[in-house]
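Comments concern the structure below.
Naming follows writing order (A, B, C, D, E and F), and every chain is counted from residue 1.
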Amino acid sequence: MLLGDCNQREAALALDGNTVALLPLGAVEVHGNHLPLLTDLYLAQGVCRLVSERVEGAVTLPGMPYGQIWSLRDKKGCLSVSDQTLSALLCEIGRSLYAQGVRRYAVVNGHVGNVNAMKATQRVLYDECDLKMYAFTYPGVGPAQRQVLTTPRPHPVYFHACEIETSYMLYLRPDRVDMAQAICQYPAFPPAMEALPTPWSAFMDTAVMGDATAATAEKGKAMIDAVVETIVRLLKEE
Amino acid sequence: MLLGDCNQREAALALDGNTVALLPLGAVEVHGNHLPLLTDLYLAQGVCRLVSERVEGAVTLPGMPYGQIWSLRDKKGCLSVSDQTLSALLCEIGRSLYAQGVRRYAVVNGHVGNVNAMKATQRVLYDECDLKMYAFTYPGVGPAQRQVLTTPRPHPVYFHACEIETSYMLYLRPDRVDMAQAICQYPAFPPAMEALPTPWSAFMDTAVMGDATAATAEKGKAMIDAVVETIVRLLKEE
Amino acid sequence: MLLGDCNQREAALALDGNTVALLPLGAVEVHGNHLPLLTDLYLAQGVCRLVSERVEGAVTLPGMPYGQIWSLRDKKGCLSVSDQTLSALLCEIGRSLYAQGVRRYAVVNGHVGNVNAMKATQRVLYDECDLKMYAFTYPGVGPAQRQVLTTPRPHPVYFHACEIETSYMLYLRPDRVDMAQAICQYPAFPPAMEALPTPWSAFMDTAVMGDATAATAEKGKAMIDAVVETIVRLLKEE
Amino acid sequence: MLLGDCNQREAALALDGNTVALLPLGAVEVHGNHLPLLTDLYLAQGVCRLVSERVEGAVTLPGMPYGQIWSLRDKKGCLSVSDQTLSALLCEIGRSLYAQGVRRYAVVNGHVGNVNAMKATQRVLYDECDLKMYAFTYPGVGPAQRQVLTTPRPHPVYFHACEIETSYMLYLRPDRVDMAQAICQYPAFPPAMEALPTPWSAFMDTAVMGDATAATAEKGKAMIDAVVETIVRLLKEE
Amino acid sequence: MLLGDCNQREAALALDGNTVALLPLGAVEVHGNHLPLLTDLYLAQGVCRLVSERVEGAVTLPGMPYGQIWSLRDKKGCLSVSDQTLSALLCEIGRSLYAQGVRRYAVVNGHVGNVNAMKATQRVLYDECDLKMYAFTYPGVGPAQRQVLTTPRPHPVYFHACEIETSYMLYLRPDRVDMAQAICQYPAFPPAMEALPTPWSAFMDTAVMGDATAATAEKGKAMIDAVVETIVRLLKEE
Amino acid sequence: MLLGDCNQREAALALDGNTVALLPLGAVEVHGNHLPLLTDLYLAQGVCRLVSERVEGAVTLPGMPYGQIWSLRDKKGCLSVSDQTLSALLCEIGRSLYAQGVRRYAVVNGHVGNVNAMKATQRVLYDECDLKMYAFTYPGVGPAQRQVLTTPRPHPVYFHACEIETSYMLYLRPDRVDMAQAICQYPAFPPAMEALPTPWSAFMDTAVMGDATAATAEKGKAMIDAVVETIVRLLKEE
């Protein structure tokens, strides 16, 4: 159920103590020439769709397209939101839900840069009320990744618009992928990348880190199914 | 052109000193049983679509669904964002655009409650840089309203989900209107409504102020065309 | 009763659950050469004086002279306070009153630029406690204006130091008006005035919008009496 | 010259690089039964009047009645403003003056509780621009006090509404003093008064610390003249 | 007992309703060539050591080395923290203690510049909970100073790295004093020093105000013993 | 060189464009019964000592003992600082250094919970000036860990006071370790640990995650040497 297309009566029925409110959270960020700027939101929405099919009481909130994209913020098209503002927004949405009786609020996030804002939000709300706020950024995807990926990771920490994300998109939104423009790019990372603030434009032009040409919908399905499985399990357990 | 569906190359070409960046701004708010919660975003997006057809360099940014909805915040489904957070977000998007060479940034707003946050944003950005930030909330609609509306206004200041907004929707998003559920409601406003903070739930249940049953697509077209005409003219003049 | 001239015992007697605390709020802003910079405060104080004669428990607080005057801030003599600071001040005064047992707090405002800060304050206090904070900016003046004004409005939204405000002053503080210097000025407003942040210095020098020469004390009395009547009625009703 | 009673032309002439803008700063605070709540503002205004007679370019801004009165905030009539808000207001007034060409801004303060906010303001403005902001709280009064006061100080640090302040008022605003109600009160201060936050209501009812009955206009004149002399000298030297 | 060297069990036993948590607070600030930059922290730690020997339940927290040092901030080695940040830190430490059952929290401060941040912290915590926060900056040292000091004060308000502080150090941390480099310096203070924000570099190079050569451990002992005596007494009384 | 023990002349010589300012950053947090609460600061100071021996221009600032310890904040002795306050402090120290000519500022952190505050600080300073702020939290330790650790990790993400940290301490501060109290504890982590905010007290009492009994100074040396090697290399390369 998409809350944004409910009318007043439907919304009133949809929100109560049994509801699991899913907020798709993305970013407006370049992902090379084979993926659109809204890739991360599309992925989050895709995961929400699959999760909501399997979780009783699931309601998907309107997707928040804007996220924190510091590393690529100087690339045209990247629209950057601060951790503070993003966290304030997530808090306020959480408080609205709580005031209306909802007790489970899951931010389903498609963009790693949003992780700190999500964690900050969780801690604010934790001290305020007994709303359970879940923060999901592809949880449980590790084993599936190790199983299906066929190209090396570009970096122990960083990857972007690569075999992983492109496979996700081929599974969830193939209509928004142009594999003819997919490239393989293994940038030479500066040695102090993790110790100094380093915009990615310092060492690469096109925002692809890894081998996007190796992406397939099957790989995407295996990984996303693991994510969905994990989310569903965690929402049911708690 | 929808920025969110651009790839990296398209985004780089789309954004420069000639760009007019249009940000559709809505709210997640109940609008009775004949309109969806995302009504205000759908309207803003509809206006952006029509404007972008007529303004050179127009680029529509991903729509921001969340707005400031204090008066209805206790209704289930209404997700409330503060003026401060909304303004911070609009500022940060504006700064991103400016840093990437854009000089005209128009927030096309579908929800009256967002007006103060927009004005605050304009003043912050005005002091920071020479980005022209336009704030449009149905500009120039007055004469058209006086011409086409056939039912009385419920209040000199307030109206909601009524002949006006329903007509807008019938023109811009008829697929999201259920006229079978449209009602006519003229609430008894408390005398101190404008002097004291007054949630609308204090005097009515269904969020309709006015006569939604009188809405038609033709009325919507007349009003929205005037809005679009005004926006196009102002963007070209300045 | 003016709180500022009370001694400790009088203040203690004056403030309790039956008190209506009136705060005159103005601005330090140029109003042409026929009116003083403190015009808006003088008007607010004049209204408070008339209201307090008719409302049991009315106590007038020391007037706050500083307000938000963005549009004229680059004119010499205009001393500008931000919405945030003004709202913080109004909140803190409200909290002091509430802690001392007062339950009705009415900001009687003479300057339109203060309206957003007042509304923000109301919403903060509304969530904190059951203090009733009224925000009055010439409430109920519309019908009287339509009846007595003899010159056209310069703009659907804007007016300043004109037939309206000068008439108010001729009624409430004639000692501070110099009609020999009153002028009539109908500026040519820029088309995008309401869509772009526009300092008034962009299109006029003297801060008069409208025809100050048409002002009379009688017009002022008719309008202010309507305002006072409205305020008295609303304070008694709620 | 009182800026608040200037018209637009006079204000424009009054403010430039030679101006010394004097801001009287007070507090709304009980001062026993022989002095009014606005005592501190009246004193600051009195000092400004005397200073402005002797300093070329002096312009007195509208007095700010509200100050930081933590220690007496639970007494009815005391309206409390935070250091943060007061400092923000003083900053914003300073910025307005600076933007209009003024280079000397003197806050003439009548209330000790405002001292920290004034210092904080000075440091903010010092880093922003070359506006000279003076903070004056009865500067240079020490020797005169030692000479004229005939009753002991109630405490090495604290005094209030006593021989000192009452004498000031008898000199500057005798019309607002009721010596018939003046009292002498030497409270028993709690031992940890300076180490723990201690509202004065913890150890006394009437807000008099010291012997108000010993006050005379002559003593007030001697002390205030020393203050005025000091301010005039410092404004001329720098 | 030094909390920082406790293990988990010891910490759990040390903190409860009978605990007096002592926080040594210093500053990183030049003190001429005979004293180290951490002088103020060393003094605060020395006082805490002596106090904790005499107060039951005393626990000394890890010393906070950083303080607010505006006046000397342009001297190399001076690391400056704002009042706001320092106060936020002190608040958060206080809240942690309170949440763990502690009811007495004494900031033992070695640096006068920290006084405003400490007072602000006290007031925040006072409104939040019943934690007693003591702010100690050499309390009760006045009489001892008048008795033992043999050189004149450089200024009624200011002194630094002089007979006073050097004597403190000779008593508490003689291993960190190099009397061979001690100097005597009586700077010519600018007349408006207390009225305008004045970095000390405007009138002197070496950060000594007063006669450091007159310092002795005996003087230090007399003064510090008075401070310790006062703190112990106040902690026991309340 | 320890800045805190420099005198004024030494500090002036130590700080310039060739300086590498090292800030040891810790936390006040329980680490079981075999390690002290200041463990993380001691580790950071130990690393700084070794780094400063090998890097020209290295100056170690006074250690900041307080850090962000949300997960263990309800354990007695854990003193919690917010991300915001910690980041503000780190910013202010960085600005002081920059104003004094320093261009390299390395926060050497011993506590994982501080990582977000450090990153936020880096981004603030990056936008303000060309100070290079390095954030080091045991960089380059991964390969050494895989080589020397002989017991399994308790969790893919979390570990604490275990073979790793105890070995660090046995190498850097053996005087502060009591191996007789070391324990081995593999807690049962709640399934949603990474998705929901989860205080560690929810699933364990003693703050040991992993096998502290397997710690040795040799393991500590191997890991810390790799960290020091990495830091030295990165500081020299950039």
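Miscellaneous remarks
Please note the rule applied: a contact is a pair of C-beta atoms (placed from the backbone, for glycine too) under 8 Å apart; a residue touches a chain by one contact, two chains touch by 3 or more.
Just so you know, these numbers come straight off a predicted model, no measurement behind them.
Least step count on the touch graph, subunit D to subunit F: 2. Should one ask which of A-B and B-C has more C-beta pairs in contact, the pair is A-B.
Counted by residue number, the contact pairs of E-F are over half the same as those of A-B, the matching pair from A-B, B-C or A-F.
Centroid to centroid, with C-alpha atoms defining each point, subunit B and subunit D lie 49 Å apart. Mean C-alpha position of subunit A lies 57 Å from that of subunit D.
With centres set at the average Cα position, the gap from subunit C to subunit D is 27 Å.
Within subunit B, not a single residue touches two or more of the remaining chains.
Chain contacts in this assembly form a single closed ring in which each chain touches exactly two others.
Think of the chains as beads on a loop: from subunit E toward subunit F, the beads read E, F, A, B, C, D.
Within the complex formed with subunit D, the residues of subunit C that make contact are 3-9, 11-12, 14-15, 28, 30-38, 41, 61-66, 73-82, 84-85, 88-89, 92-93, 95-97, 99-101, 176, 178, 181, 206-207.
Interface residues of subunit C, counted against subunit B in their complex, comprise 70, 83, 116, 119-120, 122-123, 126, 132-136, 139, 142, 156, 191-192, 194-197, 233-234, 237-238.
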